[in-house]
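What follows is a pair of complexes built around subunit A, which joins subunit B in one and subunit C in the other.
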Partner chain A sequence: MPEAILKVFRGEKDSGTFETYKVPIEEGMVVLDAIHYIQQNNDPSLAVRWNCKAAKCGSCSAEVNGRPALLCKSRMDKFEPGQEITVQPIKTFPHLKDLVTDVSWNYEVNKKITPFTPAPDANWTFYQEDIERVQEFRKCIECFLCQDVCHVLRDHNRKDAFYGPRFMVRMASLEMHPLDTANRLKSIKEDAGIGMCNITKCCTEVCPEDIHITDNAIIPMKERVVDEFYDPIGKFLKSIFAGK
Partner chain B sequence: MANYEVHEHDVLVIGAGGAGLRAAIEASAQGVNVGLVCKSLLGKAHTVMAEGGVAAALANVDEQDDWKVHFVDTMNGGKGMNNWRMAQLHAQEAPERVRELERWGAVFDRTKEGKILQRAFGGHKYKRLCHVGDRTGLEMIRTLQDQGIHRGFNVYMECAVTKLLKDGDRISGAFGYYREDGRYVLFKAKAIVLATGGVGKAFTVTSNSWEYTADGQALAYDAGADLIDMEFVQFHPTGMVWPPGVRGILVTEGVRGEGGILTNSEKKRFMRDYLPESTKSEFSVDDEESKRWVEAAIAGQKTDAKRPPELSTRDNVARAIYTEVKEGRGSPHGGVFLDISYQDAARVRKKLPSMYHQFKDLADVDITAGPMEVGPTMHYIMGGIRVEADTQQTRVPGLFAAGECSGGMHGANRLGGNSLSDLIVFGRLAGLGAAEYVKGLGNNALAINNDHIEAAIKEMDEPFEIGKQADAKNPYDIQKELNQIMSTYVGIFRNEEDLTTGIAKLKNLKEQVKKAGVKGSKVFNPGWHMCRDLTNMMIASEAIAHSALSRKESRGAHSRLDFTELDPELAKFNTSISKDGDAMKLEKTAKPVMPEELKELFAKKETK
Partner chain C sequence: MNETTAATHPHTGMTTRNDSWWLAPGLVAVGFGIFVIYATFRAFENNFYEIGPIISPFYSPKLPTPSWFPFSAAFLILWMPAGFRATCYYYRKAYYRAYFMSPPACGVKVWGSQGYCGERSFPFVLQNLHRYFFYLAVLVLGILWYDVFIAMFSEGLNISVVSLIMLANCILLSGYTFGCHANRHIVGGGMNKFSDAPGKFKLWEFVTHLNEHHMGWAWCSLFSVGFTDFYIRQVAAGVFSNPTLIPFH
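And now, the complex of A and B:
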């Protein structure tokens, strides 16, 4: 049986090394299968998060050969035979053990977002064409790969000033809901720090749900923020033509 | 004495899928102090995997629908084994619970009139499943999660409970550990709601995630509650069969709901041959009528055509596929073919986006261009912790249960779509029941027995001690063996000989479990967690095997090759499993009798 060579980061709280493992390859195997193989046959204490094994829960985020990816979606046959496959934890969040990081910051950020606020007398009639965009955003599986790759968080560690692309998507899903009445623009500008995003689109590239984070969520919100705070006349004109 | 963290809540909810989140939201709304414990990160529970939809008689698409039809469908699907009161509450309250989700921000697919769209599903007479493409579970859990985080209850993520604590016969708390670093934690709580899901990890081929290790069932059993009807294990007819790494992963019934066709290697559409006589009249008579039904469904038009035979109940379809494969008419990888590729590709991608990606990314199959290969996968357990229908309280005062870990609602076979609705209907009732119970206790102080804590700590420390010994067993090897036993001897078709063999093998395996050991530290150590999970899975597996042996008939998901007929007498009793000292006790207890006014709903149907 052909074998793959995996180099997996092992250790606690950043201090660790890459350990090498040989794993027999099965047809259609993904990297998470290989990690499970190691867990079952070499070392049951190997730490990894996973739930669904079908790219639906967003638990198994890691960096495979340096690229942020879901382990359960990373096919082994995408690599050259004999090529070493390195697997390491996502970099942007504090390391706990092996492939597991502390992503609790994201849950704290989520709490700060003004929740869905429908009008008390809403009649709950709205149409498919009104929600295509919102449904795109709601596909998010909270894998935090976009958070991992965004340079504002990854390289500059500005978690104090920037919510990150995942939560831009979340705020956009609320802002664009046809029955939402809250105004989050001030918070999008000041708390979420949308101005720190310089539209590199790295987040969009890694999103396993193919959400157009930058084009569909961030840029329209940037425009709304500009209208609201820097261009009151434009905002007035737009409101006449657009309705919201 | 070892160190542990202490927290205090009125109500502690264990499990944060749909049922647990809904319970926590409700209990909080009732003004009591709530804690929510989950084994994974918030929002990752198995609810996320539910695809096809949530069943509720909103009558947005088929206006003839109402709760009574839903109730009758549910009882028929469950072959009369359902707790009638739960089935009634479920059918009556599901529409309001779904509307509530919408008010909390869920964005369901719409009808042309701008209402929540509903699709057809197996066993449902009318189009009843509210859905968001094929990711309805994700929509539900995210909605509840985003609602929950603003309700002021505490969430303990990646935390597992290993022991329920009692003061006399009342619940007084729970003991557990954090997965992250292995530190121990004591929760003082006046009431506990179990919402831990199912038992899938006891089987080889399953749609369930690692979390499904029968925790709630085992904790309740240990605390003195009883488990009913554990023999009823649902094998979902359509799981992926290839590649090996994804074997068992769910292929939504929505594919068939949208018109997917099942064929064997001889290109024969076989489902019509497997329809039970009693339900034949509900299905189309030929492929032409099926085609008219599908076309009308796609166009959103009414039709007098009846639904295709692929939409029979899950137990039937699973047995049909199993039989086709066994008799040599299977697909190359040991399944059958499920085909939706005859429909417009863009529509398939829109209605079944995650199926499209799942097959494309994981199996290199384009479902808009050709058929999928599918086969049965262990999916759900209908049996579970016995609860009172209206409050979800078990027979242990202060202990409640909701969702898959509880039993009764689905009888001998669950209809697709009735699980998500179950979660929100009974999650809410459990939260309400627990809050009421706590208020009724008043200032009654509850004690925690220190010896119980010491014992719980010792149990958790042990695998490291064992791990130092030469004959220590790898917990994953034991799990593999358990899977083998359950899938071979307690699987989709059963007989006395197999079940007896299975029970004997489980008994031997129990000795192995005692030798499960690990090395390394307590910091995020999955092997260590598995040692504890094995104990839970063993309890549930034995309960399933003994219950299956005791039911000498075939009913719903329980198929006995040595008793192929249904025995009407046996619908009058639940199989009850409880702990009797160190032994497992099995009893047949009288099932609650349905009142006359509900019985009439069935009488009417038969004269039709």
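And now, the complex of A and C:
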């Protein structure tokens, strides 16, 4: 039976070692299966967060050969036989143990966003074309791979100035909702720090749900911020023609 | 367990990626570099940009230059499409990766992590002017379409190699210009309820379709505008000929 060579980070609180394991490969195997094999046959103390094994819970986020990915969606057959496979915890969030990190910062950020605010007398009938854009954003499984790969959070560690792509998606889903009445543009510009994003699209590249984070969420929000704060001519013309 | 390495942080060095992550930014850097060098050379050359009524896209419209202006007329024009491309959302991604290495590729450490402000302070806050450059680019594009008309119809119907190259260039430039993210927002992206304006929704859908291939349009149109100027230059310099394919007088 062919074997895969896995280099898995083992340790706690940012200090540890890469340990090498040999794992027999079976058809249809994913990296999470290999990690489970190591748990069962080499070391049951290997810590990994996982749940559904169907790429829907967003729990098993890690970095495979340096690329942020879900362990359960990383097929072993995409690697060359004998190729070393490096498995690390995600970089952006505090390391706890082995492949597990503390992503609770994200839940704190989420609380800061003005929630869905429909008008009290809202007509709850709306059309597919009104809701289609927002439905794409609802596919998010909160794996936080986009947060992990975003260089503003990952390399510059500017969690004080930028909410990250996941929450740009959430804010876009609220701002574009046909029944929402809240205006979050000032918050998107100042608190969420959309200007920190230089749209290098890594969030889109790693999204396991194929959400077009940059093109459909961040850039449209940037354009709305431009409407409000950087386009005096457009604003003036709107005030004349639309009476706004 | 077979082997153990020395104690370390889980993330050290530039990256643990072992694929050719450097290839895409490298190709972008070379591709842009070649175009910028060629366009700069042509703008300074100030010659070989006309064949009868046909004019190179780098010099169109043909503007008179004041005597005190030390450069060619191309400098009065090129800042508009150059500004449009420099502030374009696709090109921003491309050059931030290729030249600023911010980051060079996903999961690869940025170059110089001190004092990063994104697009919140000068000069990058000027990226927010993209829509103004879009309006100017539409103006220039309209002139280039007029040039195609002149090239084909100024002396009866006259389909030559140059006029077909100019036509292809305008088609590619139109796909790039009208598929821009700013245009996508202007035609309807700012709305929340498309059912209130079905016409705007259709237009937004069309622009969205163009926008999905924005990178392809960007590169093809960059190549075509350079190639159109190059071909006109070679014909004007007598190096290439400009055979007429369908003459009607």
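The definition used in the following text is that the second predicted complex is superposed on the first by the 232 of 244 C-alpha atoms of A that agree within 3 Å, B and C clash if a C-alpha of one lies under 4 Å from a C-alpha of the other, contacts with A are read in each partner's own complex, and residues count from 1 in each chain.
Throughout what follows, a residue touches a chain if its C-beta (ideal position, glycine included) is under 8 Å from a C-beta of that chain, and two chains touch if they have at least 3 such contacts.
Keep in mind that this is a model prediction, so the values were computed, not measured.
Asks: Is A:Val103 touching anything from subunit B or subunit C once the two structures are fitted on A? First, second, both or neither.
Replies: After superposition on chain A, A:Val103 lies in contact with subunit B alone.
Asks: With both complexes superposed on chain A, which partner does A:Asp191 reach: first (subunit B), second (subunit C), both or neither?
Replies: It touches nothing on subunit B or subunit C.
Asks: Could you say whether A:Asp227 touches subunit B, subunit C, both of them, or neither, answering first, second, both or neither?
Replies: second
Asks: Applying the document's definition of touch, where does A:Tyr127 land relative to subunit B and subunit C: first, second, both, or neither?
Replies: both
Asks: Regarding the shared-chain residue A:His177, is it in contact with subunit B (first), subunit C (second), both, or neither?
Replies: After superposition on chain A, A:His177 lies in contact with both partners, subunit B and subunit C.
Asks: What is the contact status of A:Val149 with respect to subunit B (first) and subunit C (second): first, second, both, or neither?
Replies: Only subunit C; A:Val149 stays clear of subunit B.
Asks: Report for A:Gly28: first if it touches subunit B alone, second if subunit C alone, otherwise both or neither.
Replies: first
Asks: For subunit A, which residues lie in the overlap of the subunit B contacts and the subunit C contacts?
Replies: Common to the two interfaces on subunit A: residues 43, 126-127, 177.
Asks: Which of the residues in subunit A come into contact with subunit C in the complex?
Replies: Counting only subunit A, the residues touching subunit C are 9, 11, 14-22, 42-43, 63, 65-68, 84, 86, 88-89, 91, 95, 126-127, 129-130, 149, 151-152, 155-156, 158, 162, 175-178, 180, 193, 195-202, 205-206, 214-215, 219-220, 222-227, 229-231, 233-234.
Asks: Can you tell me which positions in subunit C touch subunit A when the two form their complex?
Replies: The contact residues of subunit C facing subunit A are 1-11, 15-19, 89, 92-93, 96-97, 102-103, 106-110, 113, 116-120, 124-125, 128-132, 181-182, 184-185, 189-190, 192-195, 201, 211-212.
Asks: Touching residues of subunit A toward subunit B in the complex: what are they?
Replies: Against subunit B, subunit A makes touches at 12, 26-30, 32-33, 39-40, 43-59, 73, 75, 96-98, 100, 102-104, 107, 110-111, 115-116, 118, 124-128, 131, 134-135, 138-142, 174, 177.
Asks: Contact residues on subunit B for subunit A in the complex?
Replies: 40-46, 48-49, 99, 102-105, 107, 109-110, 112-115, 132-133, 135, 138-139, 142, 146-147, 149-150, 157, 180-181, 209-211, 242-246, 249-250, 353-354, 357-358, 361-364, 474-477, 480, 518-521, 523-528, 530
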